[in-house]
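Shared chain: chain A. Partners: chain B in the first complex, chain C in the second.
For the complex of A and B:
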């Protein structure tokens, strides 16, 4: 039939797939042996990983450097709170509502932000997020500017919580942490799987072309606007889901925390940059480093932030491709390869 | 096949296309010459839609394409190579072709593999298929420009100084490749400073100066005309 075929996988990626399956299996059963604080730490790592993967898709692959992803975390979180408090929806279901709310919001914001390019786009997204924060602060039903908590009845009667508390023989508060942990694990794994799948589709290939040279991409028939729009919508939806989940676990919300540029964008950018922008592996490495730094240094207050800043600058200067980039340059290893390699069976011409 | 009527484009006070009108019929090869800054690349950008015209009309295969965006024109069959090669540098040579073929023709990746392989063969790039485009030599980049344009399966191929900067031997090989493409029925418009390369392929020459067409016709008589010698070759006659 054909004269050649495409190969994407490599030896290291097949190895990585085995390791990943093993890891997921262990992670699923971890609550049976692990204590509550470890699960909370892992929840933090997984949910940050979701946020960083989406930001990385947006900025690292799509070239859309957004400083306003907190808009989608915040709107997702508030959509979750709103649907629980006002609509009596189960919190687990309301996480989905959070994703859809963020997606719906991303349509008009795309209309505004896509008129801007480069640095102007970044500032524009930030401004949009600030406007959202100020707007939500006016919403009295969910606590206005001071915020509110999830009603006890809602968190106690949440789906699965009863079952988990019986199964593990723990209090409902601990059962809620286990549920949140499982949800974050599920969301993290699906996020990486969906992004990896997307990068290997035809649209993903177009995204690489637009990233490398948008003028040339247009001249081979790629609609660069559509490519970027798809990525923007996907990232909004995923970030909204994460926002809903994070605030389900926190069970307390305020506009300043839900729309925090530091927590949901600055840290996210830091993680992606030190890990390696434009790779799926980078955010994974980055989030682990970030977690380590945070647990070692967060007691030192402003020294902690200054250390993060210094590390960020050092990595940008000496390893602009991040820690993973440094590693992959030395070893040539890729855990999530996207390169379409041409294999011509007979003898090469 | 391609028809331009009174195309105009200015950047501020500088007029880079001044009432340009000409036609190219199917299967022809037209060469475009003119001094630096005469508006040759601008002319291509107008034809591909990368630049919007101020006034005028462009038709392609009897259809008005004056307002169509670049991607639609590619789908209709207008392929182009850039003067300064613009490869997708973090993608491999093969991926460069595949993305062009898939999106230029509206097909899936699997459907275009075979065609991409034969274009690699035609442009002698098979051994470099899995190399990153950013690591190619100048000749290879030029070949990639050509190959990528071909991958979109153009009916009209616009070549922008594809032979510039090559050695004589490399140039001869490239000419042979372009001749081969022309023989398959592809219409060609080719901007070039390397005159002997141009005249060995094209049937007509168009001379641009200050955004104006100052001559169009068969290469011999164009090159012999006094006006062209004065303006283009800088010779006092």
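For the complex of A and C:
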């Protein structure tokens, strides 16, 4: 008998890696040919993809169904505004501060939320986000309950903007869009890479084991508490970064929008569910479907949201693995394989 | 003296929150189902009462009785054909389906009734009050609190004194053994949700008479209700009332100090209880 070895990659994943590299290369050079509105659309898609990947890691892999991720979007956004307005920090640097602020705040939050399980966790995280929204509304220096705008001087003198403006021969406002686009592309690619890397480590494997059969996992001594904690902190950091970036581009903030459960959690949940929860490909498919639906139907306002709710219910009831799950069932293709396969060489005769 | 008045107001406000929460507590306690659309279903109930009152021109209390069978049917159908499919060990499906339902209901109401604030007119009852010593207590809050006690007492009678209640408890403890005894869990659950909707329409009546409402207020009511359920402890309806009172008292005291702190104080009280007693104050069942 030959000794087997473990492999994770598949033919389709190697193909996907080439496609992804090609996509990233095209995306980097896209601002040279693309117009402003396309870049803005892609910024929206990339930043939503960051949020959805983190929520998917929490709920789909970690079993932590949070309804309070808007807390970290909001805290990130406000940390960014606070450091720009009060500390005169460059906005590009302040995005990093946004991530760290969300991470720091996620420590006491985790202390509270990890005492809760299942539905209690969901409601608990929601209440914590509400507490933060109401708390930030008391912070008069950044506009209190009505919110404020980024000072023009800060956004005009932002790092790289002058260089981009000269390089592309465009106005500074267009240069800001290009910068935001690049940052969102970078954040999106890093997010997916980090999550994929984490899922293939032992800590990630612990999550799979507990998710697939928690009793069997416990019987071989797997403690997934640390894995879940790491996932929670990473998600807070990543969500905070995205929050800072999104509000750098919006340049206007208020507690109700930055801590909006609809924008930063409800949409995110629908995207993940429709695309396919518990896979890395699902959120990508979901965010594209979501963007299409939004471009086609957003003029219909409440009809659009009603449709989205009904689609979410239908997918959860009839195709709980989402669109990507249906596709994988038919084709067996995985672009980001995380399953370990045992390969045993055939016996020599 | 002002503090005593604040305390009484808070306790009575707790009655309203207990009414929001009682149906949620019932469903959660018996089938571990988290209905994130509960707040929106209460708002649906309030619009049902509003329509009946404005068409027939009758007293809102009578209108509630007319709306009640419809509300029961809504809950029964919802559980029988949608929510029963989501039950299981995995908590994701019920959370996500009811979350989708919440968004769909809010926007359906928005489409049907616009975003304008509405109110159910209760006539002289709205402002009436009775003097107690040097204080004056509003009839409406008092009536709300009395109704909450009556509803919880009634639900407990059903759960612990009737054959139906025995079926509830048996199915909650062990659906497989219960079905061996000739109980169909799916039918039992449908009745439970129907019953929860009967409580919801009563909550809707007081919601609509005491303050104005619009299609978007469901989720906030849901949060208060959930806080009351969690503070009280899983499966205990009297605990839910206690939880509602704690939220209510915290909110009125917060508001007495600074009006902007009303909601915040309620949430902080909830988080404090969670920190000290994560399973709630009077837990009956094990999660």
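Just so we're on the same page, the second predicted complex is superposed on the first by the 340 of 349 C-alpha atoms of A that agree within 3 Å, B and C clash if a C-alpha of one lies under 4 Å from a C-alpha of the other, contacts with A are read in each partner's own complex, and residues count from 1 in each chain.
Assume a residue touches a chain if its C-beta (ideal position, glycine included) is under 8 Å from a C-beta of that chain, and two chains touch if they have at least 3 such contacts.
On a predicted model such as this, the values are computed, not experimentally measured, just so you know.
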item	value
First (chain B), second (chain C), both or neither touched by A:205	first
Chain B versus chain C as contact partner of A:306, first or second or both or neither	second
Contacts of A:6 with chain B and chain C, given as first, second, both or neither	first
First (chain B), second (chain C), both or neither touched by A:344	first
Partner chain(s) touched by A:117 [first = chain B, second = chain C, both, neither]	second
Of chain C and chain B, partner touching more chain A residues	C
First (chain B), second (chain C), both or neither touched by A:126	second
First, second, both or neither for A:221, with chain B first and chain C second	first
Chain C to chain A touching residues, read off their complex	28, 32, 34, 36, 82, 85-86, 91-93, 95-97, 99-108, 110-111, 219, 223, 226-227, 230, 260, 263-264, 267-268, 270-271, 274-275, 278, 287
Touching residues (chain side chain B, partner chain A) in the complex	48, 50, 69-71, 74-75, 80, 82, 86-92, 94-96, 98-100, 102-106, 108-110, 113-114, 116-118, 120-121, 126-127, 129-130, 148, 151-152
Residues of chain A touching chain B in the complex	2-6, 202, 205-206, 208-209, 211-213, 215-223, 339-342, 344, 348-349
Chain A to chain C touching residues, read off their complex	59, 65, 67, 112, 115-120, 122-124, 126-128, 130-131, 134-135, 137-138, 261-262, 266, 269-270, 273, 277, 302-303, 305-306, 308-313, 316-317, 320
